[in-house]
Amino acid sequence: MAMLQLDRLTKRFGDFTAVKDLSLTVADGEMVALLGESGCGKTTTLRMIAGFSEADEGVVSIDGRVMNSIPAFKRNVGIFFQNYALFPHLTAYDNIAFGLKVQRMDRQVIHTKVAQIIRMVKLEGLEKRYPRELSGGQQQRVALARALVMEPSVMLLDEPLSNLDAKLRVEMQVEIKRIQRVLGITTIIVTHDQEEAISLADRVVVMDKGRIVQVGKPEEVFENPASPFIADFMGFVNFFSGTVESVTEETTGIRCGEHLIEQSSALCADMAAGDSVKLAIRPEKILVSDCGGSSNPLFGRIESTTYKGNITRVEISGVFPEPLFVHSSDFHGSPGDSIGVCLPPEKIRVFKTK
Amino acid sequence: MREDRVSLFPKIITILVLIFLMAPLLVIVLASFSPTVLVVFPPKGFSLEWYANIFDSSTNFVSGFGNSMKVALIATAIDIVLGVTAALAVSRYKFRGKNMLIAFFTSPMYVPSIAFAFVLLRIFSMIGGIPAFLRILLGHTVIIIPYIIRNTIAVLAGYNWLLEDAAASLTASPYQTFMKVTLPLIKPGILAGALLSFLYSFDEAVLGSLLSSPKFITLPIRIMNYMEFSFDPTLAAISTLLILMSLTSIVLMERLIGLDMFLK
Amino acid sequence: MSQKRNLFFLSFPTTFALLVMFAAPMLYILIHTLREDGLTYFVKFLTDSFYLNILKTTVSIALRTTGILLLLGYPTAYFLARTKSKLKNTMMIIILFPFLVSAVVRSYGWMVILGNKGLLNQFLLALGLIDTPLKIMYTSNAVIIGLVHLLLPYMILSITGVIQGIDKNLEYAAASLGCNPLRAFFKVLLPLSIPGIISGCTLVFTLSMTAYVTPRLLGGANFRMMSTMVFQEVNVNFNWGLASAISYILMFVILLFLVIFNFATAGINQRVGGQKNA
């Protein structure tokens, strides 16, 4: 229905630049996640798209129409607020019908539209309840329905899953995705939770200090973060420093203390001997029991183990100066034992540092 | 910024309101330095004559100040004890009729001062022989109780009673707990409330009017009486001193617990 | 058991003091008045148009004052609740500061400004906007100005607290659903801030009904409200029976208005009750 374009958006608060030269195009019907820590500028960006906050520089346009000077109430941008922001003095039905009534639509039309959206978000029978009489999940559905019933050209979701418990999260995740597919609304999700971003979005935009630092498909960002910062954000957990020692067509050798780690050169673009690098690997990608002949076997000592139900978190020292964390689903070992681990090269990410 | 434009109307009203609120006070301060009896603007010079006049015995302002001070201090002191114990009772314990008791404690607030003043006047005239100081003190003790109780209840509402259990688990007796944990935490709020009540009593003019005697007159009544006969800037001078007292109080309150106490 | 004992010891002194010094006298004098004069003075008051007019003036002044206070107080409260200005604390001080200054002093300030030879008339004459001084002092307008000044802080503070408790996102939500600022105000902010409006209006209405210093000083000798009337009956006419009747009628009228007000707004209050959950 609509294409959203942000062109070199900049927003300052006094001396602080909240968003700097942010450009992004969201295709019609696409679901994009703005991912970053609090203060990275994602919420400010959302507010500029919604029209609650005016950009100091740059352009927000929807379907080619410049939105900058159009006030929020004329933009037809739907918003889902993190705290839902349901009108406490109105019933679920009146909350959802609010925008249609503002437009002075025919009562019968309003009724049809509201009934339809209530069916879609599965709120039948709760129309007459006030927000305080609804559970968190139900409130969330009302908030979603209230925005969707307006058939917005662009939908903005602010941390849509953050207030829900684990079970509801999964349920709503599926729900949001389903509804978005059905309606085909161009959607932006703002979140600090990588799981939320990856599970919902078609494309993930990672932000840091007001700038975009990586854009890609969820699996791309998840598997191949562009920097140690993003890798940390994506849950890589294990980071250690090294120096490139040798580079051939096929493999690059990286020295980390006493260990030489062999890495496929395809994964080490633009690196030369002598470069300082940072390596990262997810704790669940490190193999404990059987290295099965793969390269990079290492030995260390178990410092501690934490049983977490589906996995055991093992802290291993003596491999690198930094402790190594490993998640193993079937672990038998005690603190003090020596242990062998191997780091599959294809799971290691190498970043050049300055 | 767009979010500012929406609040332009409230902003203009706010500025006008602030000017309106400050105007008479600024005028008083300016008038107190006026060299002429009739206050004119712009002032024709500068004079401290009216300040000196405050201390002229014929104005009786000094004795009025002393009287008001005495009443306000003693009434506030009595009411801190009465008010804080009462507030503790209704905040600390759950019991039937609690809301009734709170309503009773705060009921003097809902009775017009003039009605209460008149009732006291009749009672005292029936009993006879009670000095004006005691009559006003008694009246003020009653009318400021609700303010101290309400303020203390608000302060206690922000107090974490689990701290008492924590102190008890560390072997503190209930008395020690109150003195070493509860009291230090609620003290700033109570002091701020007491300061407010003190000023209320100090400035009170209705009970003061009906219950005073020629021998014992509080400052606000002295000022009103002075106005009946002359309207010179001595009034501005004494008013300026009272304004300064209020300004000091509010700065003190802000330091003590911040100004959010007024928003409850 | 010890809890009951503590409760008793903590609440007894205040309960006792208020019973003896407040409740008993209020009741005793009411009964005394009724026993001594029966309803004579109540009837006299309610049948004499002179006295009824005083009641009417009092109510009318109180209602007008309340209305003006709401019109000035609400936007100010909104601004204070929503502003992020560094000057907010200064503004709060400016609003609270008159609150702590004696009504006598504040009325005096208005006398200097509004008098026949006051600063306002000097100013307007100097500008040539008027030829003869405006008569403001000793009119009901002066009393209303004084009362508005006296009670503005109460109104502002009552509403500011409530607006601060209303999620700003609700206003954004209304905008995103197509409400211009004015409609957002009437559809969302106003209904949600009604509890603050009610408590503020109740408070300032009561206080203007019972104000004594302001009408006495700014209204002058010929301007009568209920409270100044009590005073006059006591100190000038020595008619204590009538003073009693006026006092209790004043209390009753206030109570009546509060009850009506409560009934009129009970429904709205109930609906808005749960805003904290949103």
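Annotations for the structure displayed:
Lettered A, B and C in written order, each chain numbered from 1.
Just so it is clear, a residue touches a chain if its C-beta (ideal position, glycine included) is under 8 Å from a C-beta of that chain, and two chains touch if they have at least 3 such contacts.
Source: prediction; values computed, not measured.
Highest inter-chain contact count (C-beta pairs) belongs to B-C. When chain centres are set by their Cα atoms, the one at the greatest distance from chain B is A. Measuring from the averaged C-alpha position of chain A to that of chain B gives a distance of 55 Å. Inter-chain spacing, taken between the CA centroids of chain B and chain C, is 17 Å. As a whole-number value, the distance joining the C-alpha centres of chain A and chain C reads 54 Å. Under the contact definition stated at the top, the residues of chain C that touch 2 or more other chains are 181.
Residues of chain B in contact with two or more other chains: none. In chain A, the positions touching at least two other chains are 51-52, 71-72. Against chain C, in their complex, chain A makes its touches with residues 50-52, 71-79, 81, 83-89, 98-99, 102-103, 130-133, 139, 146-147, 150.
Chain C makes touch with chain A in their complex at residues 167, 169-170, 172-181, 183-184, 187-188, 191-192, 271-272, 274-278. Residues 3, 6-7, 9-11, 13-15, 17-18, 21-23, 25-26, 28-29, 32, 72-73, 75-76, 78-80, 82-83, 89, 91-106, 108-113, 117-119, 122-123, 149, 152-153, 156-157, 160-161, 164, 181, 206, 209-210, 212-213, 216-217, 226-227, 230-231, 234-235, 240, 243-244, 247-248, 250-251, 254 of chain C are the ones touching chain B in the complex. Interface of chain B with chain C (complex): residues 6-7, 9-11, 13-14, 16-18, 20-25, 27-28, 31, 38-41, 81-83, 85-86, 88-90, 92-93, 95, 101, 104-105, 107-108, 110-116, 118-123, 138, 141-142, 145, 149, 196, 199, 202-203, 205-206, 209-210, 220, 223-224, 227, 231, 235-236, 239, 242-243, 246-247, 249-251, 254, 259, 262-264.
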